[in-house]
Amino acid sequence: MSIDSAVIAAAISRVAQATAECAEELNTADGALGDGDLGITVSRGFAEAAAATLPPNVGLALLECAKAFQRVSSSSYGTLVATGFMAAAKAAKGRETLEAAEIPGLLEAALEAMMARGKGSLGDKTVLDSLDTVIGAIKGRPAEEMLDAAKAAAAETVETFRGLPNRLGRARMFGDGSIGLPDPGQLAFQRIVEGLG
Amino acid sequence: MSIDSAVIAAAISRVAQATAECAEELNTADGALGDGDLGITVSRGFAEAAAATLPPNVGLALLECAKAFQRVSSSSYGTLVATGFMAAAKAAKGRETLEAAEIPGLLEAALEAMMARGKGSLGDKTVLDSLDTVIGAIKGRPAEEMLDAAKAAAAETVETFRGLPNRLGRARMFGDGSIGLPDPGQLAFQRIVEGLG
Amino acid sequence: MKKILNRAADYVDEMLEGLCAAHPEFYSQPERRVIVRAGGAVQGKVGIVTGGGSGHLPIFTGYVGPGLLDAAAIGDVFASPSAEQMAAAMRYANGGAGVLRLYGNYGGDVMNFDMAGEMLEFEDIRSTTVLLADDVVSAPREEASKRRGVAGMVYAFKIAGACADRMADLDEVTRVAQKAADACRSVGMALSPCTVPQAGKPTFTLGEDEMEMGMGIHGEPGIRREKLKTADEITDEMIDLLLADRPLNRGDRVSILVNSLGATPHEELYIMFRRARKRLADIGVEIVMPLVGRYATSMEMTGATITMIALDEELERFLKAPAACAFWQV
Amino acid sequence: MKKILNRAADYVDEMLEGLCAAHPEFYSQPERRVIVRAGGAVQGKVGIVTGGGSGHLPIFTGYVGPGLLDAAAIGDVFASPSAEQMAAAMRYANGGAGVLRLYGNYGGDVMNFDMAGEMLEFEDIRSTTVLLADDVVSAPREEASKRRGVAGMVYAFKIAGACADRMADLDEVTRVAQKAADACRSVGMALSPCTVPQAGKPTFTLGEDEMEMGMGIHGEPGIRREKLKTADEITDEMIDLLLADRPLNRGDRVSILVNSLGATPHEELYIMFRRARKRLADIGVEIVMPLVGRYATSMEMTGATITMIALDEELERFLKAPAACAFWQV
């Protein structure tokens, strides 16, 4: 399976639909551990990206997604997603298509940039952990198994970290009060992956 | 029955008790047609007067009551009551005792001063009407009938004016909305008279 | 009652203690509930005194200061101060040139200030009265003298204060104050009530999606209770009421005050101001020195008032003259 | 939602339009959500830029003005502005001497301002960062750099602004701003929530007789939820938290800011100030230029914050230097 700009556009559009539907859920999850805006952030960002006309070049298409998030979603999550798209765009610079096997590498580039931007570490109970688990789960897998593996990994991350305290961002303030609650950003990541198809 | 300072003190003290008990009722009545402070105004004023040591001279005793109201109750009603006591005090100047038959005259002096102070007229649906009706009811009556006549007159005034609109003070603003509601000041006057004994 | 206080009975006195302690350069309290300019009376200047209930900061006490008021007598929350306190304020304000009593048209306040004036006559201190009666919905135009005084006070304090500062005599200060008072029109609307500490419960109730147009600053009734409208609709309704009462013509100059009753945030006042400005621009009226903020409040009430003052050259000059208090600097 | 607004999506833009229209002598908006001093950048002066979510007026935009800030980038209510907007604000503020980014320590704001700084590097505009992290309950002392920034910003803006006004260079302005930020300690408490227009419902709920000590200005959790206490108890608890984090000694000089989160009226702030002053007097600490009012709000939230800044001669001098904006004049 070869990924071009149209494939990306279609995926973004599906995710936009999915995140619009779960915006309330994500707002509520963020309300319990933060300021309650995560659903707005995520759904607005993907809606903006879905509305953009993506150039045929894959690198430029990813750059367009980054810019869309930067325009409308400047909360932590929106900025991190923009940062991730930007790093992936750099890694895919000049390419007209990508192979599925390259996806883990792009995600690694994204993860690294997001860690630098947010000064976060793995284990802080954030979206970084989701990304890390998903990368591990899909690396080396055949293309047709990747999506299911990613979904399982994203869901599993939420459950693994539910029992741990948040160590970063607004949720940090809740300390042990955050134990038992899903990290809103990890939950959002799960919904995004589920929305892919 | 001859009225001296001790009789006045005892009466004030009974009224203080009575108005403390109906303060909520008066606040509520004033809340419906004004700012809801009438119960506080009246009960505080009489409590302050009851706490004062009244001099043996009747005129000075009434002056002391006026001062007590002036000290603690500066809302419309408090100021009017103070004005009334002051006028009665002037009329009783130098006297050690009073006869019951002189009471209507003292109340007339009070009414006149209160009308001048508040620029009000009879028929405006205020305490002025209560005072006027009570004066008419007790004038020329034997001493032992006066209290019952006053009670009946004060109660009757509330009912007579209930069906009319308020034309003065805060309640004026309610216009025809005040029809059907008792004037708080008239109601307070009824409770004061009832409290006398 | 969601308020930060100790004993309800101490609300006003502790507030005044804090106010004077925080701003000794502006306020002093030589007697209980009598607030006087830090420097005392200005010799030869007409003294301007105000008074009324607490719970409206910066009104009344807050506006004591150079270019503004000389003293204020302050009562319990929403209750008149006593005639004695008013008389005391007048004595402190008197610099030998007489005293103007400048305050809002409320029964209790008027009766007590009249008494205070009579007391001062005995002491050969001349005094005059100017009442603010700027709330257009509180009585029809034919009975304008029965109207309540609301945020228009701010303009009257400012303009009369500037006039007195120029050492005008009592008649002149009174004339200018009356002219300012006559030029003011206000209207208010409320979304939620406040609680008088000693009462312990809200002054009124409004449904979750209701507002009351025309409500007074103590929760006195307005002209209609209706579904909460948009900011533009609310502002239009208020501007319409003001213009109906005091029509303006192309080329007229006004100042307007968009005032929060307490809880309504600055953000929302600016949204209203934006609309009010457009409405006035549409009829060719120019806004001079607009005021947006909390100038006359009802503690934590949610809602807003709009005041408009039509200016001539004299009023505009006095409005723009320097003045200072802890809440406002011009 | 008891708010005066048109469409929730227009809340911020209409507010900014009204703000700039009401005070053109202070603010201009050359680009959407970028507020710049009316006169533009001052040549040769270090530019000071801030930014953050809307809903906190006078913070952030309100403090643009002489002796204070040069520009602000402003986001949706409680949401970070974009890196693009921050970069634009920095460009407008740059008078050739570089730009200080002075703002509160919130994840989204930090990431975006860092990106903005990186963008400006490409344009050879030098910039530095000073973060306010003054909320003592938001992280223990050992992790002080993780704390939230709250009302301490007001002091940092004032002091850094005065330093820049003297034409100090970027390193010097940064040093002084950092010193001011380090000297600030704040704590807040809330009684009732506010509503973010686009969310349409309150940010949190509290029982009718509950308060939350330590709550943040976006409704972030505090350290305990308890029965509503008296003003003195609340103030004591807050002063205790501040003094535990930053002990003071006899003879120390501080300024304190008793700040309303929005709905809490001035009256109640003065009751708290009265107590805070007594507590500091008891340990021989002198209060300089106290601030009491609405300096950093959360729209219509009920509650208050107390900020204390320990002063040395340099900070005190800068604090007292002249400054002006539509909300504050020194």
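Note that the chains are named A, B, C and D in the order they appear, and that numbering of residues resets to 1 at the start of each chain.
Basically, contacts are C-beta pairs under 8 Å (C-beta built on N, C-alpha and C of every residue); 3 or more make two chains touch, one makes a residue touch a chain.
This one's a predicted model, so the numbers in the text were calculated from it and none came from an experiment.
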Hypothetical removal of chain C, resulting connected chain groups: A, D | B
Rounded Å distance between chain A and chain C, as computed from the means of their C-alpha atoms: 55
Whole-Å separation of chain centres (CA-atom averages), chain A against chain D: 32
Centre-of-Cα separation between chain B and chain A, whole angstrom: 76
For chain A, residues contacting two or more additional chains: none
Pairwise chain contacts under the document criterion: A-D, B-C, C-D
Interface residues, chain C side, partner chain D - complex: 2-6, 11-12, 14-19, 21-22, 54-55, 57-58, 62, 191-192, 194, 208, 228, 230-232, 234, 262-274, 277, 290, 292-294, 297, 299-300, 302, 304, 326-327, 329
Residues of chain B that touch chain C when the two form their complex: 27, 31, 34-37, 40-41, 70-71, 74-76, 78-80, 83, 117-118, 168-170, 172-174, 177
Chain B-facing residues of chain C, complex: 75, 78-84, 106-108, 111-112, 114-115, 138-139, 146, 148, 196, 198-199, 203, 216, 218-221
